[in-house]
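Input: one structure, supplied below.
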Amino acid sequence: MSPTRPVSHASCQTSAVSTRSSRTIDLNADLGEGFGVWRLGDDEALLGVVTSANVACGFHAGDPSIMGRVCTRAAQAGVAVGAQVSYRDLAGFGRRFIDVEPAELTDDVLYQLGALDGIARVSGTRVSYLKPHGALYNAVVTHEAQARAVVEAVAAYDQRLPVLGLPGSALLRAAEALGLRTVREGFADRGYTAAGTLVPRREPNAVLREAAEVAGRAVRMAVDGEVVAVDGTTVPVSVDSICVHGDTAGAVDLARAVRAALAAAGLPPTPFTR
Amino acid sequence: MSPTRPVSHASCQTSAVSTRSSRTIDLNADLGEGFGVWRLGDDEALLGVVTSANVACGFHAGDPSIMGRVCTRAAQAGVAVGAQVSYRDLAGFGRRFIDVEPAELTDDVLYQLGALDGIARVSGTRVSYLKPHGALYNAVVTHEAQARAVVEAVAAYDQRLPVLGLPGSALLRAAEALGLRTVREGFADRGYTAAGTLVPRREPNAVLREAAEVAGRAVRMAVDGEVVAVDGTTVPVSVDSICVHGDTAGAVDLARAVRAALAAAGLPPTPFTR
Amino acid sequence: MSPTRPVSHASCQTSAVSTRSSRTIDLNADLGEGFGVWRLGDDEALLGVVTSANVACGFHAGDPSIMGRVCTRAAQAGVAVGAQVSYRDLAGFGRRFIDVEPAELTDDVLYQLGALDGIARVSGTRVSYLKPHGALYNAVVTHEAQARAVVEAVAAYDQRLPVLGLPGSALLRAAEALGLRTVREGFADRGYTAAGTLVPRREPNAVLREAAEVAGRAVRMAVDGEVVAVDGTTVPVSVDSICVHGDTAGAVDLARAVRAALAAAGLPPTPFTR
Amino acid sequence: MSPTRPVSHASCQTSAVSTRSSRTIDLNADLGEGFGVWRLGDDEALLGVVTSANVACGFHAGDPSIMGRVCTRAAQAGVAVGAQVSYRDLAGFGRRFIDVEPAELTDDVLYQLGALDGIARVSGTRVSYLKPHGALYNAVVTHEAQARAVVEAVAAYDQRLPVLGLPGSALLRAAEALGLRTVREGFADRGYTAAGTLVPRREPNAVLREAAEVAGRAVRMAVDGEVVAVDGTTVPVSVDSICVHGDTAGAVDLARAVRAALAAAGLPPTPFTR
């Protein structure tokens, strides 16, 4: 099922059984986010849980040796490698908006894409999708010029590379406009508003930590395409991939719970790149 | 004539006429060595003179936008693009030896190769060879472990990529050992010792600046495979490419004089990648 | 005349002769904006023209050796040294807004201030004021939180350091609120709107290049406290320092013309730090 | 006892009891070695153990905010702050030798010294000594030119700042030649050769991990000025400070054991800067 065709999703609601059997869900996480001597998150553990690895490309984290190690192990584990591109900002871990000129942003994304792809191919795999990181991810939800800049790099590099992002974002619209495949992601451990957007991190109920609850939400998102918002209403969310985190021991356990629950519901996570 | 087969070179000495007609000479220069707002050298002018452009890959110079511009214009001008890889050292312009672990150096070279190649392909060309820059160039003349580290990256990335370097260097020996094509370079504006090595820059007669003299030496190197050393003796130097500089207006004029003299001698510069 | 006491300026209008003889004007320019092997602008020439040097501190430009050379020569020339602090952005030359947390911005400014001051003291001078660079300069015209962050660093470091900025900016208001001396700057080569703000660079008449005209505007600003706006109206601009540029040969000539005209008008440029 | 006055040390040998009561021992560790989002070591725990904190200055680790936090807490804890200066090498954590020109190294050290001192003063303390980090520490054991370059920065910045380093190193000799106070450090958890040098890390017995043994060696070093070498001989080592590590939980426990043992032996660690 192509994630960019809402028509398929409509059929999903009328013909649940056959759709469930044909659709798949992906599990993605950020990996390789150390730099030099520093480490962040448990790459090893996550590579046993997720189906898609968003690998840092050196601009917010990730030096060439870390990139190589993650790609090699992802290849061994059958985990898809995606380019987790960022603003050039090691000191800020890519979490600060930078007002980069779109043309320069396109070049920065190309540079990161090519660098990771070279390392990935030598490691027995390939870059098979792109996902923006941090402040860039947030910016391209609404920043049309930066959104276009990012997807122009993807289209120029390889027209077959999907773009992973927030449903309804400027990024995914710009990707579709260029004929790129889009992959919509959901967050099982984040609160949603009645409008289907994420509850900002500073508000109550922004982040959920109870494993059973998070796993249950993941299943409902993946199987039924819906989530219960903070006001109690049920909101439709069509997602192709669920994002999990791995920067704490608890987060890895949560990710494992999500994976187990999806498998138990008949949707064992599968890379969307297949 | 393949530069990696000394047998051909032997025939070159016994059968000068036919060899001259079949052999070619390449003209290479460092390009794209600005960063951000800063510029170094006259990229535009040099692209009208050289046949191979050693493009900086971001570690000693060269940001993604500069890399893109140089690649685009090189593609238009029919100039071959090579990856001018370096130690990670913007502050020192890659001119300071860094005692990098060989495994990390391999990863650093791969990163730079992939980044430039991605940009080059989007710009209508490809990385078609590799040449180390600055202190790394000097180190791999004798530093066996770093030399191997560099060529291992090339071999892993693309077995068909030639390596450009100093004749007799550890780099070219390591490249040959891995089955890579090697390209030997000469310096028409540098003094040579009777042993065939370059006169160190701090000594007298290290650098020549008179256009007619430099052009004459280039022709003698390219056509006859020899150079007159500082002690007056004639020294054999077999080179496939001649390196010219472009960081001053005078240097560009010198490069033009070299090109014109080679063309007049029946050896119009041609990319060795053809 | 203290730039922070409007009362003095009122007396300036009623008693022109005595005021003119007592008031002074400063000439400032950005210096030391190279990095590593790269150069920008003619530091040597400008040190013979200006009275205050805004020295880059390593975050957008300026490595420790460049900083040392500029400080040494500024000390010899009797030119005051100011800390030209910036976002951390070598690749963008500090010209891109970065949404830094205010507390981190304060720390970044302190780091730059201390680094330059250490080098300045060893070079026979001291940091005697602060001026933000590029996108940070523009941001703190209106960005209250970043403006406060910058001046909090100054107040914590040395309560006696003046802050140089745009008249009416959030930066100067925040500096005054902390009891810091403020120094207002004008741009003789920039068009002004009837509201007293600068004409954006992309609009017509944003930049003036004719030496006699620019010099004439500098004198009128310094002596009469006014400028003719693009719509022909005369606008009051009270400035203590005039900013000149030095990144082209023409710019240095313009700076010299401004200095000569001010001296001829009886206001030879003098550091505001005296 | 001043480490730079051999006369005092002579009296130390003839009058052990009174000397023991008058001499002191310092305990130093590397702190603030995170960068941006990344952390390394347990700064909080170590500030409760050591008497001198070698604070990273941004070239191998340590951003301005981390530097500020460590300085503030060191000031509260009465721990002395030293500038842990390094080669410019975030990617390599300063652990790779870089062949920097001595004049540039002096400027790099000055920059780091000034930056940390500015932050320290705002945090209620001051830089009160300097210790080179990583590959620079190792280089200046024998590299005369780089050793001189480092101490020239210290002497120019503040003639009263002591230099902490390996006994017998080129660094301490160069510091003495410039009239700087030197502070000799020992390593209780490292094996020593019969010549009094450290056993290289790749050899057996290079690192000791058993708390009682390490604490015992620290006491013997501090009280008796000797250590048992790997060949069983007793070697004299005169040290003013003992270096402990804190990058693992076990290391912090080891540091606590060393401190407790010294206190029990009548030598509670005291900053050498007092």
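When the chains are written out, they are named A, B, C and D in that same order, and each has its own residue count from 1.
Just so we're on the same page, a contact is a pair of C-beta atoms (placed from the backbone, for glycine too) under 8 Å apart; a residue touches a chain by one contact, two chains touch by 3 or more.
Computed from a prediction, not measured in an experiment: that's the story for all the values here.
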item	value
Set of chains adjacent to subunit A and to subunit C	B, D
Between subunit B and its twin subunit C, rotation from the CA superposition, multiple of 5 degrees	180
Length of the line joining the C-alpha centres of subunit B and subunit D, rounded to whole Å	45
Whole-Å gap separating subunit C and subunit D, where each centre is the average of the chain's CA atoms	42
Subunit C, residues touching no fewer than two other chains	63, 91-92, 104
Residue ranges of subunit A touching subunit B (in the complex, touch as defined)	58, 63-65, 67-68, 103-104, 107-108, 110-119, 121-122, 156-157
Complex interface listing, subunit D residues touching subunit A	34-40, 61, 63, 90-93, 95
Touching residues (chain side subunit B, partner subunit D) in the complex	88-89, 91-92, 96-101, 104, 135
